[in-house]
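One structure coming up, written as structure tokens, with questions to follow.
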Amino acid sequence: MDKIKVGILGATGLVGQRFIQLLENHPFFEVSAVAASSKSAGQSYAEAVKGRWKLETHIPKNVSGLVVKECVPSPQDFDCKIVFSALDAEIALGIERAFADAGYVVCSNSKCHRMDPDVPLIVPEVNQEHLAIIPLQKKQRGSKGFIVTNPNCTTIGLVLALAPIHKKFGIKKIFVTTMQALSGAGYPGVTSLDILDNVIPYIGGEEEKIETETLKLLGKITGRDKFEYADIKVSAHCNRVAVKDGHLECVSIGLEKKATIEGLMKCITEFNPLKGLNLPSAPDPPIIIKEDENRPQPRFDRDYGKGMTSCVGRIRKCNILDWRLVLLSHNTIRGAAGASILNAELLKAKGYVK
Amino acid sequence: MDKIKVGILGATGLVGQRFIQLLENHPFFEVSAVAASSKSAGQSYAEAVKGRWKLETHIPKNVSGLVVKECVPSPQDFDCKIVFSALDAEIALGIERAFADAGYVVCSNSKCHRMDPDVPLIVPEVNQEHLAIIPLQKKQRGSKGFIVTNPNCTTIGLVLALAPIHKKFGIKKIFVTTMQALSGAGYPGVTSLDILDNVIPYIGGEEEKIETETLKLLGKITGRDKFEYADIKVSAHCNRVAVKDGHLECVSIGLEKKATIEGLMKCITEFNPLKGLNLPSAPDPPIIIKEDENRPQPRFDRDYGKGMTSCVGRIRKCNILDWRLVLLSHNTIRGAAGASILNAELLKAKGYVK
Amino acid sequence: MDKIKVGILGATGLVGQRFIQLLENHPFFEVSAVAASSKSAGQSYAEAVKGRWKLETHIPKNVSGLVVKECVPSPQDFDCKIVFSALDAEIALGIERAFADAGYVVCSNSKCHRMDPDVPLIVPEVNQEHLAIIPLQKKQRGSKGFIVTNPNCTTIGLVLALAPIHKKFGIKKIFVTTMQALSGAGYPGVTSLDILDNVIPYIGGEEEKIETETLKLLGKITGRDKFEYADIKVSAHCNRVAVKDGHLECVSIGLEKKATIEGLMKCITEFNPLKGLNLPSAPDPPIIIKEDENRPQPRFDRDYGKGMTSCVGRIRKCNILDWRLVLLSHNTIRGAAGASILNAELLKAKGYVK
Amino acid sequence: MDKIKVGILGATGLVGQRFIQLLENHPFFEVSAVAASSKSAGQSYAEAVKGRWKLETHIPKNVSGLVVKECVPSPQDFDCKIVFSALDAEIALGIERAFADAGYVVCSNSKCHRMDPDVPLIVPEVNQEHLAIIPLQKKQRGSKGFIVTNPNCTTIGLVLALAPIHKKFGIKKIFVTTMQALSGAGYPGVTSLDILDNVIPYIGGEEEKIETETLKLLGKITGRDKFEYADIKVSAHCNRVAVKDGHLECVSIGLEKKATIEGLMKCITEFNPLKGLNLPSAPDPPIIIKEDENRPQPRFDRDYGKGMTSCVGRIRKCNILDWRLVLLSHNTIRGAAGASILNAELLKAKGYVK
């Protein structure tokens, strides 16, 4: 089988690097184009990231020699069907739409189109039926391409871990306090003098993203043309801590139906909606329960399922809502590049990309 | 004025060291006795803490030469009126009672007597009227001495910051997620391999302490003989982070009466119930509001009022309960040694120690 | 081919865990016995390390059910030919000798027999000819088994990186300042309050080990019965820094023969004495030169060759001796468990174990 | 006595903030002007550093309201006699000379004039006699003002600690490996993803500064017109570690004359050349010897003498040169702002400023 060619927008940043790392030897996809700001354009990828490659693995050989392009759709620069976007939100808006208009399938990690009424915001295990909006998007925009998005790095861990509980018991309220990793701020991101021996109890825009994206993700698609948001109240406190990768979240939830601890654990353990689809990046299982009382922990539990598995622990009664738990997911893999790639794999499996 | 002589039980540990540091040149008190386990007994204090003195200041000269005693009340070893207890909970129970029985005033930082029905659990700014239980304690126990306790390091920051709001608007529900400093675990405490690039989402017994001590502290004393716990629901998630000192807490609260942000800020700003008592360790004001959106932060805000001030920020609406905020307090000063010393100062001011 | 059965002494500690991790699916060896202190003996391995398994990978399935034995040689408990020793030095002395006397091949990571005149101290790329002392050891001790040791975690990185230079140009003087990882101190090891925002400029016994082991490693074996130490002066400063794994060393060297930078780089790059032996843990190449001016760095460069490769950078002139460079090696893999395993692989390849 | 008015160039950066902190309530000096880049000019100082004030103390009240000026000498903007320069080297060159030409005494922390043949590079305890070059500087430049510099933050700790040994025994060779604090890189400086769980074995230009400035500082002034560099060979390895403040240095030295450990300790302990001058920032004593085998350590030993004292430990024989030791000094106090202020105090005491 020939691999589908893909391009990466924003390829030199931290999330762009993760895309390149995760797509090395990917069974479906092959990186044929990398693009970044005009500052990097014209250099080989290896030159463009010299001194700024921040992963512990080497730059894949087939990518290091690619010439970095500017983020402008043109058939000669982007000989590919899919483009993954790791662009910063400030510039992503116009660029992503231009690529969709030019016929590319855009799998975006940026925030700018997530809440658009005709753009699906997807976590494959949670709401793959939302892809049904794509024909409407293409029609309304008059484009052959389209945009699919994945949620913010913090939302994705939260929603994935809560999805089986929501399906079984109906979640009505979510309290969440996050302790988020440094890599979530990109590179250079957080300066060391701000975080050594410290916690920063604020991340711009993050609480709002969790409080809105969650509602779309756990909501329904009505007909093939309208998203109905879930009727859930979400309250988030976001913090930055001195951790490299892995967002940890303390969660309390209120449920519609009565649950037991056994019922909660069972529905999480049995949850595996992608089983049988054979998506290369889909973790099996998608959620692991750690039973030790002091887990999950970022350094020890972020890498399960090659960073695509969410990890849950400390399920126990709450004194105000119904249940409390702790969850963890890898923010630059499951929460960013890996999420977009899994979306693209789903699009291929469902026939949206051929 | 002659200073009141004081002794320190558990003087060689991390909290014991703080007692000694904070009591250097104290206007009311003078350290005349230090006690620790039999392992240290007989050595000079300087010898006993050699290689284990963990504060950035020097050992006070008048203490370094004191011979360390065992924690057994005897007039010759403890020529003092007050003993401060920094003992571990496992051994504190019997020792503290023995000192009270022998006629000493015991200001304890350990957990073992905090919830006793005849022992006051005191934060001077919050519930000094609870001292009225002391005569009952003495009578019931048939002792001339008595025990006064201060809360757990996490509870104290929470209750101090919420006290003015509770007094004005009546708190009914408290969600709190803590990010607690390493010094809270004592020395050696948390091993570096467990916390580097990590967060530990569990601290044994801590959530229970917050959920119970808060109710006693914010409750009432009925007559002079009975504590009536506050009718508040508290739900706590406790985490350990890589911070030296300073417990940070993300809090959501539900109120009995309607409040505005101005009303909340005003009641906090005006709160200063110890004004006029001239207690040397009482911070003025006891609570500071930081208006920057990313404060308070442990490293930058833990040392206000010599570590006795609580710092509050990010007061904003909550989507589930009424209000959200972030608070910080220094765990080994305001949350431990400084708390006990302030209690002793209050006892002196109120005539319980002469 | 049947795998050779191996046992692990001190299997529950940090280095013991590394042995078990690195031996999972090993092509030559199969773990059939694990032993630790009497406190753990009788439990399954999984029970014995519950809450103390400190690696980011899972416990291998075939080991988690093994019953932990005491460190006493007996054919029923130790149905194996080789035992790897991760024992603490205080107890290793007698135990290792007892196993050798009982006929086992002991590959030891502990310090206690390293400098024995009839025990080889081996880095396979550096001095495999020292194995020729083994017959003498067996004869003198009257034992069928024997002991082979690997150097201290800091020495091994130093000696491996300098070996090609020494062979080509003759090293006469070595200045080395180390910045050593936390895992080098074992578990629990360094407490977090001692290392957060800090460096500890002292590691007990470490400087002496570097200054003596280096001389044996780079020395000769005369006949088959005597080690002649290298005529090199070594001066070491050892420091502990807040790094999880990977010892970094700043080195200045004085040479017997004149060298150019090209000559130095060439001899390092061409160095690959194990090529052709097909030892599973032998990295190819054993030493990598990083040309960026700010490398090697522990987090980014410690994992090359699955942690068995040494990494060198910043080769430049020295104002006092001849050359300066920076080197890095993974202290619990190349510097401990991986070193012992590579030694065992060499013993098999050379016919010392069948 | 009226205080001498002073201005601060580069007042908003990390070193500029230290100047302002250290000059609060200074007995000789009073801050009357603050200057920074045109981006900040026109704002009040408090506005200019909003969100970027990185010290744990508050902004002094008398400074927070000062209007920030541009770094251009004019009598109305700079109503002061002395200006302290915390400017980056790239822009300091012209600005500092312009202020000297305009008649100001410039006490500079930047590197750009340090090695000028008519500019004194001063550590008051070490080479105050070098001030004798000032008349020549004024004459050659035809200016009424002049420039005095202090060394690089790493050099200053090294030279201060070694000065008594050099005076007594004659130093000929210095090997030094540094472990330098994050604050030495300014703000934002080192990004957290580069230093968490890591060490960076390179700091641009730093090794060269140590290797040259040391020779000028420990050299002589011949007549009143020429510096004669010390005949010392210096070899430096510089590293960045995850420490907030305090540069730690491992040093080996070769001496002209034979020394004993008692002789070394005695000459350090007796060293106090500023005694009697009553300079407010001069620490008494300037160097402390810590006898514990694992000291000095940055977090515990950087603040002696309000950050102006150098701390020495682990004095022991070296296997290659004569002696080894470890030293520590606070890089933004003794190594930057405090150094310039002490220079200004010396200038006043010696009559160079009236």
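Letters A, B, C and D mark the chains in the order given here, with residues in each chain numbered from 1 onward.
The definition used in the following text is that a residue touches a chain if its C-beta (ideal position, glycine included) is under 8 Å from a C-beta of that chain, and two chains touch if they have at least 3 such contacts.
Keep in mind the model is a prediction, meaning the values are calculated, not measured.
Peer 1: Looking at chain pairs C-D and A-C, which one is connected by more C-beta pairs in contact?
Peer 2: Here the pair linked by more C-beta pairs in contact is C-D.
Peer 1: What is the chain whose Cα centre is as far as it gets from that of chain D?
Peer 2: A
Peer 1: Could you work out how far the Cα centre of chain B sits from that of chain C, in whole Å?
Peer 2: A distance of 48 Å separates the two centres.
Peer 1: What whole-number Å value describes the gap between the mean CA coordinates of chain A and chain C?
Peer 2: 41
Peer 1: Could you state the distance in Å from the CA-based centre of chain C to that of chain D?
Peer 2: About 43 Å separates the centre of chain C from that of chain D.
Peer 1: What positions in chain A touch 2 or more of the other chains?
Peer 2: Residues 196-197, 242, 244, 294, 299-300.
Peer 1: Show me the residue ranges of chain D that touch chain B in the complex, using the header's touch definition.
Peer 2: Touching chain B: residues 50-51, 56, 196-197, 292, 294, 299-300, 303 of chain D.
Peer 1: Contact residues on chain B for chain C in the complex?
Peer 2: 14, 54, 182-183, 187-197, 242, 244
Peer 1: List the residues on chain A that touch chain B in their complex, please.
Peer 2: Touching chain B from chain A are residues 173, 175, 177, 179, 196-202, 211, 233-235, 237, 239, 241-244, 248, 250, 252, 293-300, 313-314, 318-321, 324, 326.
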